[in-house]
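Chain lettering (A, B, C and D) follows the sequence in which the chains are written, and residue indices restart at 1 in each chain.
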């Protein structure tokens, strides 16, 4: 039984972490950190936790917290962890950071896209990008895990095998992603009001969304060379779920023909057949966000377009689970040698 | 480890039963009955179950099924179980019926409201009304459990302690209930289309909804005399959740004053303080369906109105869990002597 | 052609006023007042108005505005108009106030429920409560119209004929109202975020909502004596629409029998048969908010419950049209002698 | 004053036609054709029309209808009009067909994508593709107008100026489109149930949607050569609205640089500056479906991505107005020499 602390426990991702850790046999939450609600009962902020969580919210004192727990989850705004991290903390506790602070290896790229100075560049090298299916072995020995973004987890896993196997030209990759509104967080902002989102659909952050360089860096590793993509997020009137529709030109074979369905399928199976949380759907089935809601699954489907020589890949996940808290727990399981699926055997809820 | 069969496994309640039983340590599902999808893979009908359930759908042959399992859940239309039930079946297996066939003791009342002839009136007496918090002991020894309706579970539990303790006049009881659309089932009917329900709100079944006599019968037992109520259901543009807002005139005390908050609260606590799945909220907190979504909880709140001498009681539950599949599992736990909460420790999912 | 100014033009009701006045032949908007967006283009705040409205937002200087226009709509928070009103203003321009400042004749009641001091009680007597169907003649000669609240318009019109004709006992009246979220305004508040409202249903303001005394005062006039009711508002995950479900005990006739369907229908027809914007639905039809969306209609239906001796009345309207901006335009039409339906012949939009 | 008949008046597009024609000064509806609801009151099928439309539904007898009206709208399934069309009909009345029967000039392409035999190929040549902004002059003299599809109107208008001016390479065009659910029609089908659509997002018809050849044919005319595109539709949990996000590689200028924002903007302005119903948004503004809801507008925005050399174009419209009934009315206005905007000056409704 290990002890865990959460900084940012009253955001949507923080609340989801609490939900998941409540069902985890090996963890006990000792600290519900929330600067906004200090000393208030957690179950007053999240009434779903009434009679489940009795604790009050604590501050975000990482030094004090590190003395008490084996792992800290930071579900905090950009810059928080980079602003307080030090060697002493990492000697006392493991840290799983749900923010973007340590996801990008190139600090100049980070600072350009996030428009803030990185306060702890010395730890970037050590941080492991916690995309479990790709970096499993590295995560096991990490002290600091950079938990991937929601869009990025979906975007990367959907294309990864085909990039890695050279079946598509990564320079042609276009990612059109659609997200539920919980991805925008619990801040009281006009664009996130019910009446602004409901019965509405829009793109945002066009050509400038911060998850772009994260996707490019990781797919660049898979491709073996730098990759530049178009990534366009959209806001959808639903609470949870991300659907990424991805387009790329297929690499022709020596005889000029396109790869077959079976060849593409084999590439996906090579990487995912043994992965519990990645489900490559049967031929012609399309992922739907509702079919993974509440679970840690990523569902993937694809369709070859002979007419244009392109492939349309589709991936779906729950942005708060596999896209945030679920993957964080999966990383924790790897860090501490628990069964990787412990606490994550969640059957998707439908409808 | 017991074996279970489900008839009607491809309805929404059936699918929810599968979700819950997948997380139950003591049960194995042996039969996914679905007349509409015989021989089709269950996970093709419900893609959330891909790589979780490998079985194909079976027919609704209760005789064959009874040979193989310890318990049968019938999540079927009205009249199905009454049409096939016989002594032999009950000797071989326990049955938990999610339909209304055996909920109402007075067969004439059943036939009047449901407008069908009851084919097995001889088993009505034996059937136990499976409202666990009220009939726990009777359920333990039953062979046939009539699992309560979704509206009724919410409506009854919200008012039960006050009726039982004589704190309200049951003849003044008005129940205004609002339900998500999954309660209407998965049938392809025009009124349940997205565009007909979304951005819309309506009452239906006004003065004639079939859950009315079920509520009246059970509250009549609590009151010690026949009770007649107004029950009005409404359709709400959401998937899950029932909210019942109930109005009744408070019984004045000998000195002509109204019962105090503390007295009302004490009545609720008398019946529910030890109940795991009934949460009586703190003073002034109102139940919201989202706070119980995906869980087996019923949340209850109330407010005394000194001006009118009435009390406003509010109850919220997830119609597919405590209102259907969750309560069915709770009944199964009672029937087989399992921990009553086994498989049901589900933290509500928010948002 | 008259000139109009709007204070509070960037709230949802203000924007709806702009939409309606754009289609009105006799009015030109000269002033888009919005303290929050001064000097910003109106069409940047409301992109639906791009290439339709070219003006920039102005301040809320009523004195300056009164010099320029024939009518001012104040779609402002409680207390604004009462804080600035004076005789000089009313000599220069007519005012239609969409706030509650002048709706309630008893200033003590206003101050008790709204918890603010009324700054202009001297104008309360003169103000006409702008429920057109009830106060049409008084409105025609008014200088100051108190435009009714959204819940109140729906609640009162649904019950009015039966109260007026003594067909129900007003002391038994219980109003269970459900509203779309635009009624909560465009303020960036946590409870109005998409993820908090979507897939959720709750009551709020139980026994304490400010529309209660407004309903009671108006129904009191109809009853000829003070009336006290239970009014419970609920928040529904939709943008627009209010549905009021109202319960009351029917007055028995001399022979002890209940009024018949025809007698009730006749009472509704007596008051509404000639009303363009009140539609009493055919027998057994229930109002649905979607059927009136975008229009100035109130749809009304009812059902007698012989078992309980009560009637269930239902009314539906679009809270931003008949519940706010539409009724304000209807009042303006009365004030200036235009066709009462000018600008309001809006066919409800479905779906 | 002309007379109009509608075949398919009880579909969503048919009902929208009724809504729009009710506000049109020059048209009277004489025939509400609906095979499913013959002899039933139209206002019973669409309760929004209560006290607005008194007529009963008629059959789909085009011969009888043609004797009575000046224009027929066929809002019918594929194949209906092609199955009954003849020279005699076109001599008596003008026809605006909202189905796909006469949209595609190449009958082989039609039969391949629609998988039905075309019964009236002899009229394909004469039919005018009713995309008003592109084919205005041709429409004016037509007898038979093929009203464009909802996705196609949005997809084509968003890219048209850039294809026409050679600013993008049409072979690189990828159209990722998202639609509200009313586009799926009012048929009672499982995938369109509220609980299947709500809180869900999916692609469908991937590489095979029937609007693809329609888009390709029209953009081929603009490009001056055949064009093949990727078009992927998605279902969004909202009633109305289509958002098309389109990606294409910009044509480099002689010096190897990309076209500037101003050059792209100038191309859009060249074609749309005088178009009442196409709004090219200010720099950096993104279209949102809600900002055009209920109106005949198409809103267009774009963003150049210097990093990838691509442009991201976005277009939004209301699928039932500009994507169906509104454009049909616009075509009718052209056919009969009315003001092109008559009946279509609809301010978008927000929220």
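One rule holds in what follows: contacts are C-beta pairs under 8 Å (C-beta built on N, C-alpha and C of every residue); 3 or more make two chains touch, one makes a residue touch a chain.
As the structure is a computational prediction, the values presented were derived from the model and not from experiment.
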item	value
Pair exhibiting more inter-chain C-beta contacts, C-D or A-D	A-D
Distance-maximising chain from chain C - centres being C-alpha averages	A
Distance between chain centroids, defined by C-alpha means - chain A, chain C (Å)	46
Geometric centre distance via CA averages, chain D-chain B, whole Å	46
Distance between chain centroids, defined by C-alpha means - chain C, chain D (Å)	37
Euclidean distance of C-alpha centroids - chain A vs chain D, Å	38
For chain B, residues contacting two or more additional chains	12, 182, 195-196, 198-199, 237-240, 288, 290, 293, 351
Topology of the chain contact graph, where touching chains are joined (line, ring, star, complete, other)	complete
Footprint of chain B on chain A - complex, ascending	12, 15, 18-19, 22-23, 46-52, 182, 199, 239-240, 279, 281-282, 285, 288, 290-295, 299, 345, 347-351
Chain D-facing residues of chain B, complex	12, 181-182, 186, 188-190, 192-199, 237-239
For the chain B and chain C complex, residues of the former touching the latter	174, 176, 178, 180, 195-196, 198-204, 206-207, 228-230, 232, 234, 236-241, 243, 245, 247, 286-290, 293, 303-305, 307-308, 310, 312, 314, 316, 351
